[in-house]
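Next up is a structure, given as structure tokens.
All chains are identified by letter, namely A, B and C, in their written order; residue positions are counted from 1 within each chain.
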């Protein structure tokens, strides 16, 4: 991990919700440019809360987050939100515009891009996820897997520094799951993938972080972490039946 | 109230009426209804003329008569009210088949029936030849406050999602043997409504997060604009203009 | 009770359109205070919720059912301004998409169902909360009363509008009796459902109930074992200043409405003169009208046949009718002497 500028730097992050429930208890980690990292953790570990800190949606606790050297805070908010592309878990939340094209255009348009440049961004982003033919369809007429891919495109259109995916494989059938993996592998951006789908993490991410009870409990090569039975048990992480991370050979 | 099947209202087609820009159609429909409402009720022939005008539009839009008539049923409650009017209205009375009817009430019933039906028919024609998405663009173009258009747009985008959630909750209730049979079960239903509100609101919050994550700062970026040529305006406004002529004749004759 | 085209004459429709537009403008600004830049998605989703919940059937008895109208519920849950916007958008969409409610009657429908219900229910709600002890139960009780009052209030508003610009000379006494009598019954259903729903939301997410804000605790964070005070919350908790504007809006709206009552009274003198000798509660008309009135899209036709129609309902019905009736007559009396030729109101 030779980091020139870290894409993402999180230190001492703690946060509680207004109802008093504390989700983060001091989180520290950093991700180098171009890395693909999985953030693993059981339900309720604070994964989504952490994600919402990365582009300053949540804040007001203690600690700092920096994206490409830029601290996340009020003064750089617009720049930060261009740099951090979050793909949320439910594509229905992400796709709020009446048509796919407008939805993909939303981010760049909000950043002031217009006309032909905007069309170009939209077209490229949709092509990268193989959804160019669906530009004029309303999102709710697409299948779940298609919606997830469009959701990725909405973020790609912003040309982010780091792509953050919240449970990208949830509710996908095996074929859509593989298609999405191919798309993610083909992208040349830093990726932070929040998931409890361990085989998917192993397939896509060389490095993993384990978030448990609001702190980073482990940080290392994905294969090693998944092979550490004691660690896995301690943090309620379970591999699917019959899956042995030691027997999997990683392609790239 | 016919809600929940928004997509069934629109009839896909390529007629000249479908092709008109949405704001011209909205304006034309609205003006037409205004003219109809302003027509004196004694000019019965005028309403027949309006109906003919609408029939011409329906024909050009290739909206089948059966479809149009079916959609008119939304009006039925007010038909009942209209039927009631001759019995309760004041003024001189006539006796028909042994029933004492108010002349004024008869006129009133006719008035409500004729104007209401024409209004509904005009709206139905608009909805069946204009896509939802287009309608929103049209409303935006007609200078409805942007925030209202946005709210309407979110409502339409998530209307199906929310009704779907409601349906799933009902199925979940029924799967566990619950069947609402009377007032005693209102508590359970209200809990569902409460849960539905929480889900809707939380989804609103998540949608907002997704928007903010992509740079939303209170104003929707304008991505699509609709424009209309003079010829398109003339085509669309032909309907209310023809109606206006009829209306003026109705006042003069 | 979506009013179709041709039910209210054109001038009155136009005036209510102006009233509605004004109220919407005020609400647009107010909603930004209630929800800041979250207005569009949140109000949109709440509108979708209201749209959906109007389809949720509450069985009454023997195969009949009613549904929620939602004005009071929206006002209590998300605040009056946002509620006005949500209900108005629902009405607009129902009018444009489903032809449910006439396009020219949009002003009437919005004034009646979006503005009057929310403003009245929210005013009642806040008023009661100010008097009642600061407990969750009070919120439920206040919701009940607010919703109970809001529906007949809408009926009163409708009656007023009808008195000004109704196209048929049905005596205002009869309209008022039918509308208000029926809507008191609807109001009871609305009140029960609203109170239960607000109660259900408060039990799970009290922070989401606009009307129940103010019972918040100071946050403490635990960082690596040590307790740290969280920075003071940055977001304003509730738009406190909104109440005064609300009252002013409500007052202005009623003044405008009352003003037009007297202004337009001469337009339909026939019906209004009848009011004088019809002002007693015409029991027969009530029976008849409320049994068949389609204005009640609540399945009330059957409610009024059921046991509910007795007892409490009757008492409240008569009470509200008298109050509303006097309000109508008070507004009209000043113009009663004015004599005019029986002009037709189909203008």
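Convention: a residue touches a chain if its C-beta (ideal position, glycine included) is under 8 Å from a C-beta of that chain, and two chains touch if they have at least 3 such contacts.
Molecules present, by chain and UniProt name: B, C = Cobalt/nickel transport system permease protein.
Every value quoted in this text rests on a predicted model; they were computed, and no experiment measured them.
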item	value
Overall pattern in which the protein chains touch one another (line/ring/star/complete/other)	complete
Highest-count interface - the chain pair sharing the most C-beta contacts	B-C
Between chain C and chain A, distance of the C-alpha-averaged centres to the nearest whole Å	45
Centre-to-centre distance between chain C and chain B (centres being mean Cα positions), rounded to whole Å	21
Numbers and ranges of chain C residues touching at least 2 other chains	41
Multi-chain contact sites of chain B, meaning residues that touch two or more partners	132, 153-154, 156-158, 161, 203, 207, 211, 216-217
Residues within chain A bordering two or more other chains	96
Chain B residues touching chain C - in the complex, by the definition given at the top	1-4, 6, 9, 26, 29-30, 33-34, 36-42, 71, 74-81, 84-85, 87-91, 104-105, 107-109, 111-112, 114-116, 118-124, 126-127, 132, 135, 145, 147-148, 150-159, 161-163, 165-166, 180-183, 185-187, 189-198, 200-201, 203-205, 207-208, 211, 216-218, 220
Interfacial residue positions of chain A with respect to chain B in the complex	52, 55, 57, 78, 81-82, 84-86, 88, 90, 92-94, 96-99, 101-102, 105-107, 109-111, 118, 138-140, 154-155, 158
Chain A residues within the chain C interface of the complex	12, 14-16, 18-20, 22, 25-26, 60-62, 96
Residues of chain C touching chain A in the complex	41, 207, 216-217, 219-224, 228, 230-231, 233-234
Contacting residues of chain B [partner chain A, same complex]	132-133, 136, 153-154, 156-158, 160-161, 203, 206-207, 209-217, 221-224
